[in-house]
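What follows is chain A paired twice: with chain B in the first complex and chain C in the second.
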Partner chain A sequence: MNWRGAILPVSVIAAAQFAATTYGIQSDALASPVEILASLLQALADGSMIRATLETLGAALGGLLVGGSAGILAGIVLGLSGVLNRLMTVSIELVRPVPSVAIIPLFMLVFGLGFRLEIAVVAFGVVWTVLVLTRAAVAGIEPRLLEVARVLGMSRAQAIWKIVLPSALPRIFVALRLAATVSLIVAVTVEVAVNPLGLGYGMQIAQQALRPEWMFAYLVWLIIVGWSFNYLLVRIEGIVLRRMNFTGPRR
Partner chain B sequence: MRQRDLLWGLASVCFAALLVFLWHLISAYRLVAPVFLPPPLAAFNALANGFEDGRLASATAETLERIFLGWLLASVLGIMVGAWIGISAFARNYVMPTLELLRPLPASAAIPVAITFFGLSDAMVLASVGFGAVWPMLLATAYGVAAVDVRLVEVSRMLRLGRFSYLRIIALPNALPDILSGMRVGLVVALIITIVGEMLTSRTGLGQWIMLAARSFRSADLFAGIVILGLIGLASALMLSQIERWLLRWRLQA
Partner chain C sequence: MTPLISFRDAGVAFGSKQVLEGLNLDIAEGEFVCVVGASGCGKTTMLRLIAGLHPPSEGVVSYAGQAIARPRPEIAIVFQDYGKALLPWRTVSGNIELALEAAGTPRAERGAIIANLIALMGLEGDGGKFPSELSGGMQQRVQIARSLAQRPQVLLMDEPFGALDAMTRQGLQDELQRLMMQQRMTVFFVTHDLEEAIYLGDRVIGLRRNPGRIGKVFDVRIGRPRDQVATPEDPEFLRIRRELYDFIRDTEREPAS
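For the complex of A and B:
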């Protein structure tokens, strides 16, 4: 980002601060930038912000783990078995468009409020993307590689472990990165909607308590967290894909 | 070949029916408590009753209206700002970085902010949907408008096209595939934020419907609501891909 990009946000913040100090706002909806920053620093210092962040990230990653592994497993099975895949097509295409948040009330009945609810909803939110992309990755494997496995007399498990997984892995990883981005979004959404955990809930509570400075502090922190999360994912993806290209076949 | 595809499709539908039958057996033998998993017939009856007495129908209509309005708002806004960023170096340099900064913010984080400004109202849902769904369209439009073939830019210069004619005749049609895929993603976001907004505001709608059904342990009603929401997701995706095919038919001829 160059300096010209900083002009707009800096001037908006400066104008807001100027307006707040000269006119002295008493508002339930707005807070001055200095107040917001002070609240943010205070929440970071007393550990409440860090705890909320860990809750949100923990639920997002937990859901990613559950949904991602289920998606990879099912994707490999369906990608390898043409018959099963064609039989399942209609069922999958019917369930897949159900928006993840529509499942919240159902999972609330089953799990109650808490981590399990959030993890389950996140898992439902990511499993279809991972499944479909893994299935495509596995189905797109060079057929001659599978013939090689057959000629070498590999067992099914051996073939999956030595041939299928390595050649599908780069695309599976891309699917997982996509799913990771979604997982954070779904986690925050569940918190905003019902779940008394994490950053989304923190925002809701601050809003209900008519503390705009806290709410905006959470908002600013969420921007920072979202930005770093995505930055980290892109970096990891870059490193992993480069590694894979050293060992895997070049395209 | 077509016939074989058809047969496989039929087999796949039968398989889905088999799964529903399995669902029926599970609930008939009470392997899962009916509070969590109602028998498929009960869910279907709830669906039929809800539409018969009009409550589910009106909830569906309200939800569809909110999704559509929010999505429309986001589309208009996203395409306008995206086109501006795409053709103006000023906007790219001075405005785009701020937007890039806001983009990773989960769309639902806009909801508490919208509540402080609009209260628990329809305007709040509209604003949140608009904010959340605007990003895919904005970024796709900006990208598509900026990525015009150099030769086309030269042609437009030769023809002395003004900024608006350039946008209308060359840049926006060029960006259409990107815009449409952005609108597709935006529609999914609009659906999700609308449901959450309805859950929170308790305005009549499917989000409120499924929430109330769950809170009073009416699982058949809950499943009816989920089924409709799934159908909305499915139908909107199918509709958009049809529109896309129709709008982009000129590309196939090229």
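For the complex of A and C:
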């Protein structure tokens, strides 16, 4: 990372702290950086922040797993089958723009509150993007390679596993990275809106208790978690693609 | 003796466009047949009929008396565009192994087979390299090795050396000839290089175009092994070459569409 990128956030934090110590803050909406940091450290020490983080990440990853694998699977099937694809395209385009928040009431009727609700909403939030991008990746595979599979007498499963999936993998990873960011956003949204667990719920409680320093502590922590989550995915992607000899620009 | 491959009144139309028409041809086992013709006259389409990659619109194309409906394990292809036909994420060995995986060859037996093919195609030391690290000629060797891993009876080759420089091309022509003499495979070889066709073939099929059809067949009665220096000076070679050039010039005077 470029150190110059840190200039702006660091100056803002310093200015906020200067303002807070010089003029004092008497507000239900603001807190000084030092207070926020203290709350964050306390929440980390007493385990509440860690527990909430695990809950949120668990739901986000669970939803990513369910929605991601469903999207990849459906994307491959539709990408390979022109007939099925023509049959499904309109339906997909109709459901895709539905905001994931809007599906919460319906899913609450089915799943009640808790992890299953959150995983379901996250899965709904990511599945369409993954499906559409995977489908495009599969449809864009070098047709010669599919002929090679036929000439060598590969079974359909072999062709998918050994040729289609590896060919589409670089672009599937792009889809998954996008979906990972969305999964965290949707998980926290569900928690702030209805679900009594995780970081979003913690934030909601802090706000209701008129404790801005707690609320900001959650926010700061969420930034750290989100950034690490994405960083981890980029690293995994890099390792897998390098091991498969997908270096440099995609081919 | 029944022919290994036969075309019976076979034709192909793409929509309303008749690409191939009235093909009748018998290819005997062990024969090396070369096909030449103007670009777009249907050479590749003819090869794809034998490969089972495309069905004839009329007539029958058969292998050992059976109509060809889909690709068969006895029939292998070497495509011209080796850059697209090899898996970029697999090494040379991995690309060859693909054919063995498809054929269900037990894992324990694969190593020895791959090592043999690598030696046969002069790829020693390159087994661990990726296609992108090899020259065009070497990549084409890999594709040939992979098609041989299929243990085919028939090898279909679509302008396999067309994209290679002259030196590499001659080297590969001679290796192909040696291979065919050793393994007694039947070869269907498409090319636009008339000398290459005569040099390699037992028979050269000249196609006419619009619609593509067999115009003239030349038997090449020149003994093997043939030689890059001596064979092109053989009177028989020169005679066929002259007739073939005349034929091709004649087909090119026909309207293009």
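The criterion applied here is as follows: the second predicted complex is superposed on the first by the 219 of 251 C-alpha atoms of A that agree within 3 Å, B and C clash if a C-alpha of one lies under 4 Å from a C-alpha of the other, contacts with A are read in each partner's own complex, and residues count from 1 in each chain.
In this section, a residue touches a chain if its C-beta (ideal position, glycine included) is under 8 Å from a C-beta of that chain, and two chains touch if they have at least 3 such contacts.
Since the structure is predicted, the reported quantities are computational estimates derived from the model, not experimental observations.
Counting the residues of chain A that each partner touches, chain B and chain C differ, and the larger count belongs to B. Using the contact criterion defined above for the overlaid structures, shared-chain residue A:Arg144 touches chain C, although it does not reach chain B. Looking at the shared chain after the overlay, A:Pro166 reaches chain C, while chain B stays out of its contact range.
By the touch criterion defined above, A:Gly47 reaches neither chain B nor chain C.
In the superposition on chain A, A:Gly114 contacts neither chain B nor chain C. In the superposed pair of complexes, A:Leu222 makes contact with chain B only, with no contact to chain C. Once the two complexes are overlaid on the shared chain, A:Gln158 sits against chain C while remaining clear of chain B. Shared interface residues of chain A (contacting chain B in one complex, chain C in the other): none.
Put simply, chain B touches chain A in their complex at residues 8-9, 11-13, 15-16, 19, 35-36, 93-98, 100-102, 104-109, 111-113, 115-117, 188, 191-192, 195-196, 199-200, 206-207, 210-211, 213-215, 217, 219, 222-223, 225-226, 229-231, 233-234, 237. Contact residues on chain C toward chain A in their complex (touch as defined above): 51, 53, 70-73, 75-77, 79, 81, 84-85, 87-90, 98-99, 101-103, 130, 132, 150.
Chain contact summary for the complex, chain A toward chain B: residues 1-2, 4-9, 28-29, 86-91, 93-95, 97-106, 108-110, 184-185, 188-189, 192-194, 199-200, 203-204, 206-207, 212, 215-216, 218-219, 222-223, 226-227, 229-230.
Contact residues on chain A toward chain C in their complex (touch as defined above): 142, 144-145, 147-154, 158, 162-163, 166, 244-246, 251.
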